[in-house]
């Protein structure tokens, strides 16, 4: 019986970057997993939490916990959503014993995509092939809350035909930050401009990130600047064969 | 308030010269810090941070004991302690003291606290001329500005601007060479050190068991301010206390490395009171001004009390991608950068600038570099939650509140979520003006022909 | 008094503590004193000191070296027995400071060179520890443009940790202990380093 993983695609991927979800599915199936998609899923509650609306975050969080309560492995294309469940549910549910218990159960079973591949599936080479030069942007939550730094790079280095070029400021925030991107749009875009300049300095054809929110920000800036540099999710590169 | 905040931000972003200077200066300080905390330079770095956090926590949790001990020891060494509840009491104490002693000139070394309590303006009201002697502070005092950065108050000024300023305010030949500008400051300020009746310093650390004030610097102006004039007044927040002199073995290198990558600065002064009998020089009188000004209130909040652990190294400012764009003058209150973003709302109240906790992408870089492991992002999130609770309490409704209410309702109803989601994607092309906060700066993603859900179902059906 | 009690009361209330309540047990101080023989310490000190260094092997050598440094210039010195013993105070260019603090100040302000001893040296950072007393001045090492410090080799410690282990309470010994890690410097204008802002532009170490 192949091991079963449940996809938590995130609201952003579901609505705006569905190909990322498909790419994840392809890679996971290629590695021999049975992938399911609990259709009742919507969101982890992070946007509300980040905006200070803890009551609303709790309501949505409870829904998440009920949807994924019985999943063995939950794989997610976003470090920030993964961190929300693993680290922040404990904070927001500290007064709700039932939800807290559920969060304690589910938390350890949620994995960011690259984390899952390396640490659970134990694979660096996922049979991918992608010709071109690529630079990697570290999503802040994945990097700092989940300690995901090497995993995506190790996966990328195994992709046949791919040349990975390090950005000089890979760890600097792209400026998305949820509603920050629109509440402080001018600052967000200034941060984005700095990031894009760094991407250009690498001369890479594409920038890869493992969080769709960064993707939205980076792609939005790159296309506006008409630079012809693509912004891809890690899953999309790994799915290419 | 909010409009003024955004206005200041916008001005900073549009100032190209400032942007270049700011990014370069913070970048340089970041690199220096990095070189000071490498595995080779500082193999125990993570443990040191953890231990420093523990010591600060212990001290704050027993602060009353340590404050009493500190005061007793200061008095044992011949000094006096003035306890000040707020800015007004600090102003009154120092102003009155100066007036009683017939003091006309006071030389000051860098003290963010003195800025916080508006001491300079108060001194002037008492007929005392306050002279900032830290080069950066001297420059901005001449310019009539606030400090731009905890460590580098004049980070935003070019040598040309300094040349103009010196010529205008000090007279003499216009000099653009930084060496010459430094000489000018040295000469002008040397005179003031020698004539001043009062020296005012801050304190990087207050050593409870010793009754001592520790001042860390590179220029020598703090040494001069605390050695030349007959009266030395040290002003410090009550949170600056650490228990023992021995704790400096941990804190001094941690501060030094986090600030500029060096384990020891040019001068670290450990001052305990006025000069002792027989000493060749040094002040005759010493006063330690212990200031609350809202700190005891911050202390009361268990989760956010760690804000007081800050040792003012500036590392969080240098690494913050937001600070590196908006600069120190955009922030309301005395303190800028990530530490300012959590300190100011707690000190002045959330309503002072309710948007401040939201001016962050929560990237977490600040927490990573904080030498005493203050969880700044966590506190920002709590402050955001408090802003919302305040809005609810004051029955203030806004679009966001409404929006998230609806959103949360929707997110618990997957089929409705799907319906609404698909509908919104269809309407996207027409939504132009609504998307402006995003599209003003970057492109919005093309709505995909199908959502993931739809693709998944098709895939399953096909398979 | 009122303010003091008020502040302490607010602090205690914030912490849920009562007046006179003893503190919780403090985490230990972090002190790590490495093993290092004298020659290693000397080598490290000479390497890391931020200025000219001279190791001397006899009192005469020390005096002659300092005589060379002060020749033709005005120097002030702390009236320290060590400097006396070495014959440095007797050099014609050197004036030992004395009298009222204002006199000390004026003498220092008018000098090119300030000569002091150092109570200790910190080998790992190349720093000097100068402590104010009846024999050691604060201003001699601060006002003149060059500070020359004479340090006995056996006062060389491995670093700050050892200093604070030896001297757990510097306040018990002196009203002013200064760790001098280098010349006066600043990078406040355009982040460009300049020396000699307020304090000495140069420091020199003579090991005896």
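The first chain written gets the first letter, and so on, giving A, B and C; residue counts start at 1 in each chain.
Criterion: contacts are C-beta pairs under 8 Å (C-beta built on N, C-alpha and C of every residue); 3 or more make two chains touch, one makes a residue touch a chain.
As the structure is a computational prediction, the values presented were derived from the model and not from experiment.
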Identifier of the chain whose CA centre is least distant from the whole-structure CA centre: B
Chain whose average C-alpha position is farthest from chain A's own: C
Geometric centre distance via CA averages, chain B-chain A, whole Å: 33
Centre-of-Cα separation between chain C and chain B, whole angstrom: 29
Interchain centroid distance [CA atoms averaged], chain A/chain C, Å: 54
Of chain C, residues touching chain B in the complex: 3-4, 6-8, 10-15, 17, 19, 21-24, 26-27, 29-32, 78-79, 97-98, 101, 104-105, 109, 122, 124-125, 127, 132-139, 142-143, 160-161, 164-165, 167-172, 174-192, 194, 196-200
Residues of chain B that touch chain A when the two form their complex: 6, 9-10, 13, 19, 23, 321-322, 325-326, 355, 357-365, 367-368, 378, 381, 384-388, 400-401, 404-405, 407-408, 410-412, 414, 417, 421, 424-425, 437-438, 440-445, 447-448, 450-456, 459
Of chain A, residues touching chain B in the complex: 9, 11, 13-19, 21-22, 25, 37, 39-43, 45, 47-57, 59-60, 63, 91, 140-141, 143-145, 171-173, 175-192, 194, 216-217, 219-221, 223-224
In the complex with chain C, residue positions of chain B that touch it: 21, 24-25, 28-29, 48, 51, 54-55, 58, 61-68, 71, 73, 77-78, 81, 83-85, 89, 133-136, 139, 152-155, 157-159, 162, 178-179, 181-182, 185-186, 189-190, 193-194, 207, 209-212, 218-221, 223-224, 227-228, 230, 238, 243-250, 252-253, 262-276, 278-282, 284, 290, 292, 296-297, 299-300
